[in-house]
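What follows is a pair of complexes built around subunit A, which joins subunit B in one and subunit C in the other.
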Partner chain A sequence: MISDGVEDEEKWLTAGIAGLQQNAFYMHRALDSNNIKDALKYSAQMLSELRTSRLSPHKYYELYMRAFDELRKLEIFFKEESNRSCSIIELYELVQHAGNILPRLYLLCTVGSVYIRSKEAPAKDILKDLVEMCRGIQHPLRGLFLRSYLSQVSRDKLPDIGSEYEGDENTVMDAVEFVLQNFTEMNKLWVRMQHQGPAREKEKREKERNELRDLVGKNLHVLSQIEGIDLELYRDVVLPRVLEQTLETLLGACPQLQPSVDIKTVLSGLMERLSNYAASSTEVLPEFVQVEAFAKLNNAIGQVIEAQADMPVFGAVALYSSLLTFTLHVHPDRLDYVDQILGACVSKIAGKGKLEAKATKQIVALLSAPLEKYNDIDTALKLSNYPLVMEYLDDRTNKVMSNVIIQSIMKNKTHISTADKVGALFELIKGLIKDLDANNDDEMDEDDFKEEQNSVARLIQMLYNNDPEEMLKIICTVRKHILTGGPKRLPFTVPPLIYNALKLVRRVQSQDDNVTEEETASATPKKIFQILNQTIETLSTVPVPDLALRLYLECAEAANDCDLEPVAYEFFTQAYILYEEEISDSKAQVTALYLIIGTLQRMHTFGVENRDTLTHKATGYSAKLLKKPDQCRAVYACSHLFWVEDQDGVKDGERVLLCLKRALRIANAAQQMANVAKGSSGSVMLFIEILNKYLYFFEKGNTQITVASIQGLIELVTTEMQSDTSTSDPAADAFLASTIRYIQSQKDKGGATGEKFEAIKV
Partner chain B sequence: MDKFDGPGFSVCLNIEVVDVSVSVSPSSDRIGSDHLLTIPIPLPANSPNYILGAFKPACNISITFADGKTRKQVPLKKENGQTILVPLFQSQENIAGKISLEPVQGKKVEHNGIKIELLGQIEMYFDRGNFYDFTSLVRELDVPGDLYEKKTYPFEFSTVEMPYETYGGANVRLRMYMHYAFISSKESSHHYKFMYKHIHLENYYALACVRNYGPPPSINNSIKMEVGIEDCLHIEFEYNKSKYHLKDVIIGKIYFLLVRIKLKNMDLEIRRRESTGSGANTHVETETLAKFELMDGAPVRGESIPIRLFLSPYELTPTHRNINNKFSVKYYLNLVLVDEEDRRYFKQQEITIYRTAETSA
Partner chain C sequence: MVLVMAIGDLHIPHRAMELPAKFKSMLVPGKIQHIICTGNLCIKEVHDYLKSLCPNLHVTRGVYDEDARYPETETLTIEQFKLGLCHGHKVVPWGDLDSLAMVQRQLDVDILVSGHTHRFMAYKHETGMVINPGSATGSYCGMTYDVNPSIVLMDIDGLRVVVYVYELIDGEVKVEKIDFKKTSATT
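Up next is the complex of A and B:
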């Protein structure tokens, strides 16, 4: 089939060329005998070959080029002829006697170019006439070639600045006008080309159109060569026209199209190009406004969608999406436009039930566009239809979209500054915040889920308002939302909220330090802590005691900074309860305990009694750890609880020593156990660690730590390491060596420290 | 909004009257009935030599007009397709000149009187042989006698009323001619009709062309109209005038308001409607004189197509209304749109064609 078509085409082309050449021959003969009537007759017949509809653009071009060459000769003849018998004006009329329009117009253009050259009439009038008359060819292919011919023959005769055809009435404006009009018409034809003919040949047509694109584009090329165009002219005249025409024609044509036509690609492409254009140069924006581009496009799309009831949803959405992009570029200030588009989109997808994948993809694109443009979710939140559109997404997509939103916020470091907006935002991204569909037990990839929730967490971190009151509100809003998230999400969402709240606490605290306290303020640290307490409590539903503990401790520390002793105490109590009741894994216990110890060490708000209770508990826990080494380490860590290097910190040397001694005992026990087990030299490490603690407190001036005890410890370690029972441990060797080196270095320092350490003999 | 012409338009189908313009006029034997009696063998068409042969022995005749050198001559197309130059007259002019008669080489020509007749005739082809003379002026030039040598007679018809223009159509012809007659004794009393020498030999009838000029019409409105088929095709067209002179240009445009059919092209035709006879005997003949392509391809809504049609290349005559109660000639512009399935949609509008002095060439 196809090969036949090609063959046929070849045949037609050959026939066309033959006919053309034959008539060209007679034309030449008539020219030679100076018979203008016959010359016109045969040239018209020759050009009649171009009336064919059978050739593809490619072949047609071949035919056209031959005709073009012949017309050149005819033109030369006309140039001479006008010097002789027949006036050019007569000739201009004469060629219009041809009955067939296509030959007539080719001849007219040819004579027209001579006419302009003769300067017997203003160039602009002739040009205008030519470009007007060419309207008679509505067939896209033939029209394009004819107009391309017109453009070709007139190119060197435009009344451009500096051209001999310029002057008096002929201004560069006329040249521009002419080229633009020709361009306009060509573009119309070109656009139309794709809508004509059967749908199944669409692909072929598209190919053909691409081949013809250059013809249309040439006009712009010509335009660019008109030297008289300055920026102003371009901006005020050329561009709006180029745009206007493109829009109007296209849009005018669109609704009439058959449903099979893939109009969306066309429109999308158009809008994309316009958008890019608008983006590339902001100066042109007023032009778009001037031609009411938005209204036109919007209108057209509405019509198209209305006209094509069968259009798949994704098509419609894609259109809206393109329009949106366009709007964002051109009317960044017109939020109402954006909302309008979204509204239209909502009404389109409403009641369509489940959307197919393509459509959702488009919606994501649609929704992402404003975010990208405005770099500010704030703006998007103002769009009343935005959430409505999101409603229609399925869970997965909703999540994707939510992610996009969050990413946008991250990227732009947007501050969402009011509780209302935050509420709206969380409403928007609720796909991430909670399980939308209770039945949907979709096994989600663990990593993806984490990724998602981390995003949310980051988002929560981003929330900020300078006004503590508002900030508190924000926190409450967020809290409200995240508490709906279920056990899977809470571990991700609660911590950032807590930390954010703690930041607020610190801020309020520091302000309180400076400013006189506002009694009416609700955003008091106390109040916040209360909320925090409740929030952390929710974690108890999720078995993440270690996390909850950590958060309690954080809160406690913050409360400490606020000098809220009861609050801090409360938090500690909570942490202890958790430790006792929930944390059962030994490793987790160790970690938790270190945290407790660390935090407690920094607490300064506690009165003696509270502190004693807490430290007592902590040391108690330490001693109860499962493994001896862990016990040992925890215990010597506890020693720090009694020695705080602070102005008015506790410095209870005696109890420090007690702790250390206890640690030594445990280490001993550990060693004995190791000996039984054989081969384990771990306890040597413990001894060296304890030695280091001794050295620390010694250095800090704890009088309970004596040189003798240190000396004893060193000896113990050395013996231990040389004993037969223990295998050598390079790590321990190194540790000891560096410890000793430290002592040596302290000695070498001289002064008070040096003297102190001098007593230790290594 | 008007409908397109033609029947059955509601189903988008049009049958157009096929143009028949074959002339069936008997071109040869225009000599007259008496003459036919004298020459038993019918002369073949376009055979001036026979006629020449028939008359040569008798007498050589030549007519010269008083203003023959300055009078304009125009081509006149004869029914055999030849174009000849004939002197051009208009109404109220004097027709004066001389006629010379020269017997062939010493032969004597007897005659019963010589007269010259100016005839204006309307001839209907379907009514063969019947001529309606609307003008008949006779000048007696000589009393009966013999003619031995060349003799020249002056003649004059002054301020001749020639109300009708020369016209040659499909079914009717209107012409003015000079009729020279003498009665030869030898040839019994038969009339012979001769023609001017410069009409060559067979021109025993066509003598002069009459053209009458008038001032341009004082009222000349444009023709503007919206036509269409509901929900299918709406167009609006405009011709700049309703009355055009013969060398005029029709300027106009067609505006497409709605296009739901796939058009292929659009032509503008000039049609001549010639009606002859009257009552039951009325014959109507429509010829398409011009077919001028206006548009190639399928337009879309909002498109406007320019019209510029020069009338000069076409053989038009002025519009004739009811000439001597015998015939009328009217002109129409027919806008024809053809769709891809070759259905034709057309709308016909009458235009008036008139002659102006400027375009007399």
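Up next is the complex of A and C:
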């Protein structure tokens, strides 16, 4: 059926164009021989093609454009004509003899345009005449195009300020009057399109009306181009007329509408146009207030929704969305209006159960608008109905919206600064924070999930307040929320919180000197460490021992800086427990162990006993690593635990040497194993590394390291390397070479260092 | 003339949100020939961003890096210089120049780039340089207080390298440069 219709339309259009072109041909021939009468006859015939009712606006437009082109040529001819024989007044008379009204009016407009240009009569009179006469066409489609034509030909002939058509008799007011009237009439025609025809063709009509919307809107555009309109004119004349026109007409038409008519597009379109109007000319904003535009529109929407009880949810939301955009443009400071709109939405969507995709999309758009406008989550948080609307989103949409919110915060770099706001924010984005629906088996793509959680992590960085007390409250609030996230989310959300807290510790630790225990201030390092401890503990539910261990060590270091020995010791204990009980992967052990050794090396707050215990354990772990080379390296790293360059640092030369010797034994064992397992001794790399460590401590002044021991090592290495059974290792060769160079350069330094190294023969 | 950027310890997203805007605007794709990264990016997003600036991206594994495939150490030769790269958490004591010099000897490189301490450092000695580009995001570090975001750019030309360090101090980018010349060509 439909395809038939389309085919037919094509046929009619082709026929129409053919007819038009044929008549145009004859028209031009008549013009060439200066035969005005015939020219008019053929032009009328040509324009008759526009009398058709068979074409959709789209196709009619094509036909119209051809006619338009021809009429242009006609106008040009008439301009010259009036210089020759027949006067313009006579011409004006002549065209009115055309048989049918539509061609007659097109010709009148054309000639009228020439008439105005000739200035033989005041522009305002002619314009008035034309705009009135066009009333003769009440058919919406034809009428709209005709008036559109009128608008087009008259554009540059309006008696605007500074135009050649201005004069005592012709003023800007007349220009405005003309445009407004044309607009009013076009609007009426447009609105009328809704009523026509059977209900089943509603959709088709809607589509057609959409296509014609711009024709009507062009008048507003012309208005905006009229230079002479000052603020007063806008306020007193233009705006009220425009708004009144549209609102009253629409509101008047509403009761008559059949429920199936899609009023929402009309209202949405209107509000959109008004929003754009407001956006482009900010001087008019106060006038919107005067006209009570918001109230009128809000009422209209309310009425429409009430009248159409079965309007789908997305329709209602779309309406409110348009009103919101309008409000954000025109009354950005009226948060109460915005809140009102959201509230109305809530009542509409409440109790509707699961919303369809179209509706949720609209709601996301609705909620995103204030974020974009205000660029500040604070303002959005002030809207009491905002969270209520979010309540009704399903899980997936909540996540989408939460992401929008986070992106907005990150883009605008807004720091959320109070615990209350943080709490409110985390409530809003709860879709990201926890599993909303326990039965939700919506398997999320792993990468997406990571990205999502990483953005929450970044969000946590944006929470900040200068006041330590408030900052601690914020941390506690965040903690409360992220702990509802479950094992999946904790590895992402806990670390950033820990670091926030550690930064806070740093901030307060300098103040701590002035604060006594009695004071009620709770943001003390001790208190914060307690919270840290409890928080890291939760990671055991995941479990992620590697991460937890690292975080414990970070806290230990921070506690060390605060001189809280027991706290630091406790953190180390926790770390060690994890190492012994939870970390079994060799590689993970190696990494963890270096962190332990590195951190422990820097601890200055431990008394001898505590330090000894921890050091002893660390060296024990080192010797028990799976692979011999790892053992060797970890053990010689432990040598540094007994030598700290600080002023009061331990410098136990003996124990350093013990470590290094132990490392040597392990290296030897490694060599032997390689011999047995592979038939050739392994690389001497380990020995060279140990040699370098000897040199390190030698240089630092460890008297236990003798020249003899260094010499012995060097010989050992060189012998090994030259032996037949050794595997050639260029890396080891290079290392030895650079080591020798180093020794030489130390010698060359002269002074005390030079003397020291002088004894070493290379 | 080869431009090499040394960068590391960004710790995104655990300790920092993103690279400072002033650095981002400085870093234009196509200008840098190599990027060497000490580690602790930590997520793929950062890797991809760095890769977009320059396809020759070398990364060594930091403590918190998501990608377990990064190597512990890496060496590369640019013009007459041999560069070595490692994160530095395995070099004990952390940040100790002599221990780092040992690694430099071990890798047999002229310039050793390592991180972990979040403190910018460029140390010249007879046979080479030890450079720490600091933390590009100025993120928290247990060892170092008052961390300013910093990155290092090396302009390597034959036997000479000019090291530019960009530090973001109080919202302004401050630049310093250090010259180093090798005494002899790489054998």
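One rule holds for everything that comes next: the second predicted complex is superposed on the first by the 419 of 762 C-alpha atoms of A that agree within 3 Å, B and C clash if a C-alpha of one lies under 4 Å from a C-alpha of the other, contacts with A are read in each partner's own complex, and residues count from 1 in each chain.
In this text, a contact is a pair of C-beta atoms (placed from the backbone, for glycine too) under 8 Å apart; a residue touches a chain by one contact, two chains touch by 3 or more.
Keep in mind the model is a prediction, meaning the values are calculated, not measured.
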{"item": "First (subunit B), second (subunit C), both or neither touched by A:G143", "value": "first"}
{"item": "Which superposed partner A:M133 touches (first subunit B, second subunit C, both, neither)", "value": "first"}
{"item": "First, second, both or neither for A:P495, with subunit B first and subunit C second", "value": "second"}
{"item": "Touched partner set for A:L102, first subunit B, second subunit C, both or neither", "value": "first"}
{"item": "Which of subunit B and subunit C A:K204 touches, first, second, both or neither", "value": "neither"}
{"item": "Partner chain in contact with A:K526 - subunit B first, subunit C second, else both or neither", "value": "neither"}
{"item": "Partner, of subunit C and subunit B, that touches more residues belonging to subunit A", "value": "C"}
{"item": "Contacts of A:I597 with subunit B and subunit C, given as first, second, both or neither", "value": "second"}
{"item": "First (subunit B), second (subunit C), both or neither touched by A:K79", "value": "neither"}
{"item": "On subunit A, positions contacted by subunit B and by subunit C", "value": "none"}
{"item": "In the complex, subunit B residues that touch subunit A", "value": "260, 262-263, 265, 290-306, 308, 310, 312-313"}
{"item": "Complex contact set, residues of subunit C against subunit A", "value": "12-18, 43, 45, 63-64, 89-90, 92-94, 96, 98-99, 101-102, 104-106, 108, 126-127, 139-140, 142-143, 145"}
{"item": "Subunit B-touching residues of subunit A, taken from the complex the two chains share", "value": "51, 93, 96-97, 99-102, 104, 132-133, 135-140, 142-143, 188, 192, 196, 252-253, 256"}
{"item": "Residues of subunit A defined as touching subunit C within the complex", "value": "410, 450-451, 454-455, 457-458, 461-462, 495-496, 499, 502-503, 506, 550, 554, 557-558, 561, 591, 594-595, 597-599, 601-602, 637, 640, 644-645, 688-689, 692-693, 696, 699-700, 731, 734-735, 737-739, 741-742, 745"}
